[in-house]
Amino acid sequence: MEKIDTSFFSKEREADLFVVGESVQRADARGHVTGQTQFYEDVTFPNTLHLKMVRSTHHHALIKNIDIEPAMKVPGVVRVLTHKDVPNNWYTILKLIGVGPDDEPVLPEDRVLFKGEQVCAVLAETEQAALEGARRVVADYEELPPVFDVEEAMTSKPFKQAGTNYFVYEGHNCRRIRFGDVDKGFAEADHIIEHRYESAPIEHAPTETTGCTAKPEGSGRVTVYSNTQALYFTLDNMALILGVPFNKLRLVGGTVGGGFGGKVDVIVEPIAALGAMLTNRPVKYAYSRAEEMQVSSPRAAERLYIKDGVMKDGRIVARKITLYVDAGAYCRHSTYGTTKAAAHMPGPYSIPNVHVDAYCVYTNRTPSSAMRGFGVTIGDFALESQMDQVARHLGMDPMELRLINAYRDGDTKAHRKTVEGAALVEVIQAAARQTGKELAPRFAAMSSYQREA
Amino acid sequence: MLQTVATPGSLPETHALLSKLDGARLIAGGTAVMPTLNAGTDEFSSLVSLRAAGLSGIVVKDGVVTIGAATTMTELADEPALAFLQSALETIASPTIRNMATIGGNLFVKQPYGDLSACLIALGATATVSDGTATRIEPVEKLVASRLGPKDIVTQLAFSIPSPGSFKFVKAGRKALNAAAIVTVAAVVSVSDGVVSQCRIGLGGVAECAVRARSVEEALTGNPLDRTHAEQAAAKADRDIEPFDDSHASAWYRARVTPVHIRRALVGE
Amino acid sequence: MKHSVVALTVNGAERQVLVAPGTTLLDALRESQGLTGTRRGCDQGACGACTVLVDGKTMMSCLLPVETIDGATIDTIEGLTPMEGLHPIQEAFLEGFATQCGFCTSGMIMATAGLLARNPDPSREDAVRAISGNICRCTGYEAIIDAVLDAAARMRAAKRDKAA
Amino acid sequence: MAWLNGRGVAAVNYPTGMNLGGDPSQALIHATTTGGFVITLSSVDLGQGIKTVGAQIAAETLGVPYENVVIDTADTDTGPHCMGTFASRGTHRIGNAIMMAAREAREVMMSVAATELEVDAGDLVTDGKGKIHVNGAPDKGISVVDVALAAHFKHGKTISGRGMFMKPKSEVVPETGEMDPDSCQAHACTVAEVEVDDETGEVRVKKLINAYEIGRAMNPALAHQQIVGGAWMGISHALYETTEPYYPDRGHGPTDFSQYLMPGPGDLAEMESVIIERPAANGPYGAKGIGEMTANSPIPAIANAIFDACGVRVQSLPITPEKILRGLDSLREQSNPTH
């Protein structure tokens, strides 16, 4: 168990609490250890139809024809859903908070933009019949050249039906942070240190795959048993897509077999509910493990260029960051993640001159979305690798370099928010203490309360 | 879609069902076949299980081990005469999978799985194959490279127990346990008069099937079993392997580290 | 496509299960027996969430066609849970904070049950091996390994108490 | 062959909550006839523990035992709105909403108790064990059960409360990026110790030493779970994970838990962590969100430790043995050119 070191910030801690701060047993643990915890898939209904998706075999292609007849001949197949069945086929998840344009079809119309994109949905009496039906659908494509590189996508011909290959932030092709004057900072600096960092897409890989069962009720409503991380996000998007009043839908969930951000997209519920409405039968749509691994949104691949202007004494006086978030084919939550990434820059350091261009770029890769540490995790890898390179360049201790530049209460961040509740200095001091490293008196005396003279 | 699952009670019955059923696939432990079935497949429409066909069991006689093809990995690990294989078996999947997976099935698992085949090649094991009318004996080395005929069933495997200390094994994977092979090295090396008198090396994870590292064997034979000679011999491995890319490692990486792991298997450093 | 009737002893009770060809033990347990404590994580035998005991040995129920195990004895998490209180393995997982989302827990506990049936006094390495086919994405495994060892200690102590 | 040792540092901060469209969550609370309390939410528990921590916050605020609080979640027919479980927002947003609801319910509870005891409500305190009594006079009191019974059957009062927390929408100034994107920041510093096999590029993370500042550890055991599980995920991200091992080629994209690489129970690093608490002024009992942050600092700490060990700087994730070995080969080439 972790030690709580109360020697830091001792005056700010409220001490006499009854139960907050106690390691009480998890409320759900007994259900977990007995297997009685009820996940969405444990609620079953007789007469349920199984939904399996036909998926694009190309990264980028025009759909010439979809022949569903062979699927309909498979014993047990009840219906195939295509885009024509979807009342409001175009959406974007963050529409609810005013983000546009609608850039993603529930089911594609004339083209597919990534390999694995859902094309049409087969509903059948059994899972095996639905799988066979999906194998029998014949889709003809005309392949188009894909784009897989964010910087190439920025300048190549727009491939989406809606808009540019990048998200437009109030007239800009990126989310910008402008603080101080980086060029002036670079001119003053003793050293310029510049590196490029990047990452691959990362899958959430929850042990329970994304899924739901939609059940039509006698009242005319549809109840959806789902493992979404956000019930109302799902409900509201579904109502818009299905063109039904919000009170026709009910979402039940709350117990999820791992999420990590992977279950905030709204993909399975609208189609399952549509199937339930069109057949008047419960419909289950659960990702297979392979779909979860390759088709569900991963953490975005990112690319960052960091250029630092550094003084001999370790002060970083200018930091310029160009950051590309690979949103994949559709926006989903990436526009928000990119803004979050921009706001996180230049890291927990007070740097007087900061310039950030954070691009949310579309490519023909699997659409990415939120994941634990959204917008930050990869940025931290880049920032903190960069700090190490700066320290080595200067021949400085890496902890001391960070302490010199660490933000303190009252500093202004690059996005112009005043720092409060800072504690970077203290976590470094605490880590040093744990490793038995003795910080020089100047560094041991530092505090987040104020910057030393 | 799957139409039939049969669990015959004898080998002749199994052969009869194999010929009778269209699109039949043999299933033993199920660890390789079932994921395919669960994902939906047109590859086969019936399954014939070997679970009850009487093909399990281990017999040790006069230094030769004969193992029924449906014997599980756990049963192998529990056999005292096969103690030398223990550490190799423990690198294969997990205890739960080893309770299911069989020695016969392991021969036909797609690389980079199927490390036991590399061991069997090193041990010079032979397989008994029955086609319903006749049986034949094939070296495992040859069997894994060719394919079984549609009527063929591997019924048992046999090999001589190597002399103590002569069996060597190293498996390199991305995880300590339950990893697929980047490269698996199994070897039986006999040393007399200070030099390698005989050796047989099986490699897994570095070709479409488990292979024998003949070039390494040749280079090693007649030389002392020390680091220098092992390293020189291991460097010849590129002639024996045809590595591939997968999510575990690239062909380049497999080729680059195969000699390292061969040397480590041979001399432990 | 002909369904078959398969006889299984599930958690001590004799059951006749009607299955379509190729129905996995996992589906049979969850769908026809209502034993949903056995979880479906991958249908590929690679996550361990569906681990049960078949004739006393841990197996992945998603890899077993029910028709091939006629007459088998199956034990699931539901059968492990005593009428009153919890099984020592369950106690160890609960008190050791070895669960987070809970989805891998049934499989982890059944893998532990399989280990402890064979080896009542496992080393840490034995515990690690026993769960090496079970994926947990939440905990980082440490608390689970501790719980396996704690469970073993609890069961040994209970056995000693009983003998005394 | 040699295992090369190295040590690396990284320090990070992490925001609690999201900006954009406002960030609300609600909670309803009511007492049952016998003094149990039910919190109704539409929030989601992914294993992070909101069902537990939410009940702790309610119990603390109401002054009743933890065992008396039940969380009912998540059903959109009964639970009031919640934005969802993401952005390290749950403990902070939902916790604040629960606290507000519990305060309102507590006020009713105390006023009924005051009527029953014929004292001033302001003189009453809760003992956290199920009793309300006059401050300084533990004998002059009444049980929460009796208060609830009286409220229901004598006074016709509902002991209930509504809670809502919302951070208003922050508009971003397009030219400068000026914005107010979050509610507070948690902090972490990790020191990673690794060893690198100089012949194969394999990395073993031997130890992670962490210091986390998380505002308030509401439930230290649950915080411990986030720390250990998150640091494990950090190791996994640093060294293993990708859905596209041959990008831009989509070939060999992993489709199962064998192909998708993550460290198993046999690949764990020793972990040593300490928690520091600097309460957030706007957090419930000072809490900040920590669920996401715990994966972040280990990644660069490991990258930096690998460089320290073997002189290879890998600037792209994941840091595979192949990337390290290619780096080692090129260092060896530079120091001992053979061509």
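Letters A, B, C and D name the chains as they come in the text, with residue numbers starting at 1 for each one.
Operating definition for what follows: contacts are C-beta pairs under 8 Å (C-beta built on N, C-alpha and C of every residue); 3 or more make two chains touch, one makes a residue touch a chain.
Everything numeric in this text was worked out from a predicted model, so none of it was measured.
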| item | value |
| --- | --- |
| Reference chain C; chain at largest CA-centroid distance | A |
| Between C-D and B-C, the pair joined by more C-beta contacts | B-C |
| Distance between the centres, which are taken as Cα means, of chain D and chain C, whole angstrom | 30 |
| Distance between chain centroids, defined by C-alpha means - chain A, chain C (Å) | 33 |
| Interchain centroid distance [CA atoms averaged], chain B/chain D, Å | 46 |
| Residue list for chain C, restricted to those that touch at least two other chains | 22, 41-44, 46-47, 97, 99, 101-102, 128-129, 132, 135, 137-138 |
| Of all residues in chain A, the ones touching two or more other chains | 23, 25-26, 28, 128, 205, 255-260, 288-290 |
| Multi-chain contact sites of chain B, meaning residues that touch two or more partners | 1-2, 35, 39, 177-178 |
| Chain-level touch network, classified as line, ring, star, complete or other | complete |
| Touch list for chain B against partner chain A, complex | 1-2, 39-40, 42 |
| Contact footprint of chain B on chain A as seen in their complex | 52, 74, 127-129, 131-132, 134-135, 288, 290 |
| Parts of chain A lying in touch with chain D, wherever the complex brings them together | 1-6, 8-9, 12-14, 17-28, 59, 94, 96-99, 115, 148-149, 169-172, 175-179, 195-203, 205, 228-233, 235, 249-261, 263-264, 289-290, 293-294, 298, 301, 336, 339-340, 342-344, 347-348, 356, 365-366, 370, 372-374, 376-378, 380-385, 387-389, 392, 398-399, 402, 406-407, 414-417, 420-424, 426-428, 430-431, 434-435, 448 |
| Chain A residues within the chain C interface of the complex | 23, 25-26, 28-39, 41-42, 44, 126, 128, 204-209, 255-260, 288-289 |
| Of all residues in chain C, those that touch chain D in their complex | 41-42, 44, 46-47, 97, 99-102, 128-129, 131-132, 135, 137-145 |
